[in-house]
Amino acid sequence: MSPAEDVSPTPTAAPARHAPARLDVVGLEVQRGDRRLFTGLDFSIESGELLHVRGPNGSGKTTLLRALCGLLLPQAGEIRWNGEAIRRLGEEFTRNVIYLGHLNGIKHELTGLENLRVAATLDGDRVEDAALWQALARIGLAGFEDLPTLVLSQGQKKRVALARLMLTSARLWILDEPFVALDTRAVALLETLLVDHVARGGLLIMTTHQEVALTSGTTRTLDLGSTA
Amino acid sequence: MSPAEDVSPTPTAAPARHAPARLDVVGLEVQRGDRRLFTGLDFSIESGELLHVRGPNGSGKTTLLRALCGLLLPQAGEIRWNGEAIRRLGEEFTRNVIYLGHLNGIKHELTGLENLRVAATLDGDRVEDAALWQALARIGLAGFEDLPTLVLSQGQKKRVALARLMLTSARLWILDEPFVALDTRAVALLETLLVDHVARGGLLIMTTHQEVALTSGTTRTLDLGSTA
Amino acid sequence: MNGMVGTFLVIVRRDLTLAMRRRTDVLTTLFFFVIVASLFPLGVGSEKTMLRFLGPGVVWVAALLASMLALERLFASDFADGTLEQMLLTPQPLSVLVLGKVCAHWLLTGLPLVAIAPLIGLQYHLQGATLWVMALALLVGTPVLSLIGAIGAALTLGLRGGGILISLLVLPLYIPVLVYGSGAVAASTIDLADVQPFIALLGAFLVLALAFAPLATAAALRISVE
Amino acid sequence: MNGMVGTFLVIVRRDLTLAMRRRTDVLTTLFFFVIVASLFPLGVGSEKTMLRFLGPGVVWVAALLASMLALERLFASDFADGTLEQMLLTPQPLSVLVLGKVCAHWLLTGLPLVAIAPLIGLQYHLQGATLWVMALALLVGTPVLSLIGAIGAALTLGLRGGGILISLLVLPLYIPVLVYGSGAVAASTIDLADVQPFIALLGAFLVLALAFAPLATAAALRISVE
Amino acid sequence: MKLHWFHFSAPSTFYGLAGRMTPWFLGLALVTGVIALYWGFFETPDRLGGSNPQKEYYRIIYVHVASAWMSMWLYVVVAGWSAIGLVFNTRLSYMMAVSVAPTGALFTFLALFTGAFWGKPSWGTWWDWDPRLTSELVLFFLYVGYLALHSAIDDTRRADRAAALLAIVGLVMVPVIFWSINCPDPNQCAALHQRSSMSDIDGNILFGMLGLTFAFWMYSFATSFMRVRSIILERESDTGWVAEQLQKEGVR
Amino acid sequence: MMEFLAQGGYAFYVWSCYGMAVVLIAAELVALQRRRRTILSQLGRLKRMREAEEQR
């Protein structure tokens, strides 16, 4: 008796507009191994904007994204959230960020539902079960909610991870190749999610090798120098 | 002083035509966990044909491919290579197969070159160093040949795995989402490789969520029922 | 504050659920302990006085190894599947999350050892009070092992051969616990009164470990995940 | 046939290279052995006659544990990064590949133990011939451990907590080697003439293991990779 | 005949068969058990003299020996089913192996427990590293390993086949292990330690031992059948016949 | 009777052995029953879910 039936086509995540915010990157330099991936990188992005980080394989997209959400300490330069260095903000900053990388960040022993619940709780988001069921149903996992995610396929696992996007109230979304392994229906759904987020005044930074055309908000692109 | 410079635009893999061959699948039934993914699956593919396995996430594409190359023992039904059950053929069959799955199958401690050398040797393929260098150069890893692959990016790792395609003389290629994580240039290159293989009378079975249009050989598609 | 306790409980519950999905994990640690303890008589022969003398040492070394091996799994899977980097990005203080994980881990691996130890003691012909002293010493000592071990686990995260590498970092740090733990048992065979200071010392170790280990572990995690 | 030898050598060289890229792996096993062996005097006190009596058993148990822990890594990384499934798809007989891997593994983990064991023996006040007997026994015994352990490693491939699960499966199977290995050393302390049958038995085990273990391991791998 | 076999090796048919047999085995076990124990307690002397004098506590022997023997026999059974499974790839054989093992482990534990409780009065110690005891302990470890491996793997098919292989390897090793325990010094293996001196045991006692052993055996049939039925349901849940079965059993 | 129960002073040893035997056997039987009941109820639930699907 899952509430999965009564799925409303409208987005279920809190439709409230986000408070304005901005992320500034000044003179960023990141080195991996002994290769300087980029130096003196400057850009900024604010509410309602999508930053599409492009570049060939190995140009440093993932590295940049990890630096932006503070997982990776840059060699030089600073990343500022509303003018404050994220290093100093600490949890104050991470509260506003959701990052989905090459790894799905779900536990295979837990069901999709449990995974979502734990993640949301730790993020400090709303977690009525109804909302969880609904999110999973919308992402196309109705019927798979309480299977251990181990038995899900590549793309299904990815979907479980993406479901968080419908619950989070984070303003800054950082997504590394979110479309990988998704079938066409899932891709379409994800696109509407992203559009909606930006429309609500969120910030979105993502990489993808597919072409993205989000119909709302301003789309900036950042091209990282080729290496290969 | 890598011979990477003198790269000929023409394919480097042995351009000899493949001996004709066929793969027949009769009444295949595969069960994963306690879900029957498909039963009574029949199809066959022969030289110069491309089989594009399609289906939404979780429809069983990966499972099918693993069964086809003998990694996974089906509950029922048989897979025949030139009329002989692959179970019985054993190494006689695997000699003809190359499988690239969700995992890249490269060791992070070894350089791209070493990875390629070991793989090719075990496959019993030609392994003059020149050929290895050339293959890596063509796939766009010139300059990365002797870095430990640990330090390569997602897409670069994928490329190392794909480089094997240029050395193998296997007639049956089984590729699971080979385009994932590749940038546009790499995608284009891979497509030419596949076209060429089919043109030379090879068999190709692949899955991908992108659209594929290979200009040569007959392209069949197999649609696996939706689950999600 | 309440938020912290909440987070702590969420993590503990999560990890306990995970373990319950795989009850074996708990049992394996337990049986590893039992098996290792049972190997020695096969190696050194079964002479009574000898065994009684060996008992305390063997039990403690076995406990050390068991809890150390179990540690390898403390963060490994969270790291591999990316849940760990997600934890770093939650608005919760990392050291609390760590404490939660260590606590759950001890409940699953340490506590059972304490419970079974007396039986092992019987195999080594230890009697009466000695058995209880051993259980008590383990009860105070094993949490210290988990807390210290967590640091090692965090440092060796994602390194191939982590398991055995941890032991390198951690076993030396375990030595004080080993010395006073087995000391307590040995002392009890002579005079129960002498036991008290040993236990007190172990208690002191526990308090210190509780205070500092989680912080060190958190720091180690941030380094390893980068 | 020649092809087989070729394959065998390719694998051995490959694994040795891998290990050289991460020298720590080799050292860790060694140090683990040393540390575990050195823990006991701390646990049981350092009474000479007692230690001399314990020596053989402790050294062998330590060797058992060390080689078992190292085993966990025998196939794990190949499985995780997909090179293992590629090996299953090569035209080479799997058991030969397995033998190659086990051989390399023993060279990296078993042999060092044999080399260092006499030093440990000194810690336990064993002297002269006994030390050499111990080294000899280990030289014949440890390959058996690697071969048997490989089966366990293959069965537990990719399971959470594989490390400790292996020990559960494998340690009981190690008992014969433990009994006769330590028996040999113990016997040598009394009369060197008695040692010979022990070694002979170990040798017999080795031959049998060489013959059958790789096949069982190959079968286990096919099961686990699916 | 062959046909007949494959007929019953189909889980769907075996499910019914096992269901019908279970009560009979349970009944048989109960009856023989009661008779054996009555005999063993009331038709036997209270004290034993002779080669090894024993007081009333020798009556532990019935449950002790019976469980010890069953523990060993059942391990052979597990390995046997496993072998059949690996050779003929019949799902049912694996299920049988998996459903026998827990009962075997239970008897092993019982043998150890009763042994310990016999050792206390007769040897004055709960535990002694006597070869027979040690062997039993190792057997217990083997059971635990089998069960642990099986439950550590989620994909049932892999679990079945992996555990099966382990069981067979274990069975091959058991003689070597037990031998090494019984005779740690190859220089003097002639003198094996205390063999079970069945010869000089009073016939009535022997009757009790054998009777209870038989009872335990029947019991193990019953439990493994009950267990296999649950396993079949769990694994075949999405097949048609299970649905019909549910109709028959009137499951709502 | 009492004397029978006393088993010549070894009641504790004898009866705890048979006691343990009974306990273990009983426990196993109960566990088996419970396992069967749970799987049956699960299957029932699944069946009802499927029927509900077919309604729509």
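In this document, chain identifiers A, B, C, D, E and F correspond to the written order of the chains, with residue numbering beginning at 1 in each.
The working rule: contacts are C-beta pairs under 8 Å (C-beta built on N, C-alpha and C of every residue); 3 or more make two chains touch, one makes a residue touch a chain.
All values reported here derive from a predicted model rather than from experimental measurement.
Common neighbours of chain A and chain C under the contact rule above are E.
Among the pairs B-D and C-E, the greater number of C-beta contacts is found at B-D. Distance between Cα centroids is largest for the pairing of chain A with E.
Set against the C-alpha centre of chain C, every other chain centre is closer than that of B.
Note: centroid distance chain B to chain F, computed from Cα atoms, is 53 Å.
Distance between chain A and chain D, defined via averaged C-alpha coordinates, is recorded as 46 Å. The geometric centre of chain A is 31 Å away from that of chain B, both derived from CA atoms. Multi-chain contact residues of chain C (touching two or more other chains) are listed as 22, 24-25, 28, 31, 35, 42, 45, 77.
Shared interface positions of chain A, i.e. residues touching 2 or more other chains, are given as 102, 109, 148, 151. Shared contact sites, meaning residues of chain E that touch two or more other chains, fall at 141, 144, 148, 152, 154-155, 157, 181, 184, 234, 237.
For chain E in complex with chain C, the touching residues are 125-129, 134, 137, 141, 144, 148, 151-152, 181, 184.
Within the complex formed with chain D, the chain E residues making contact are 138, 141-142, 144-145, 148-149, 152-153, 155, 157-158, 161-162, 165-166, 169-170, 173, 176-177, 179-181, 184-187.
On the chain E side of its complex with chain A, the touching residues are 154. Against chain C, in their complex, chain A makes its touches with residues 69-73, 91-92, 94-95, 97-99, 101-110, 114, 118-119, 121-124, 148. The residues of chain B lying in touch with chain A in their complex are 32-33, 35, 55-60, 62, 102, 140-141, 144, 147, 151-156, 158-159, 177, 180-187, 209, 228.
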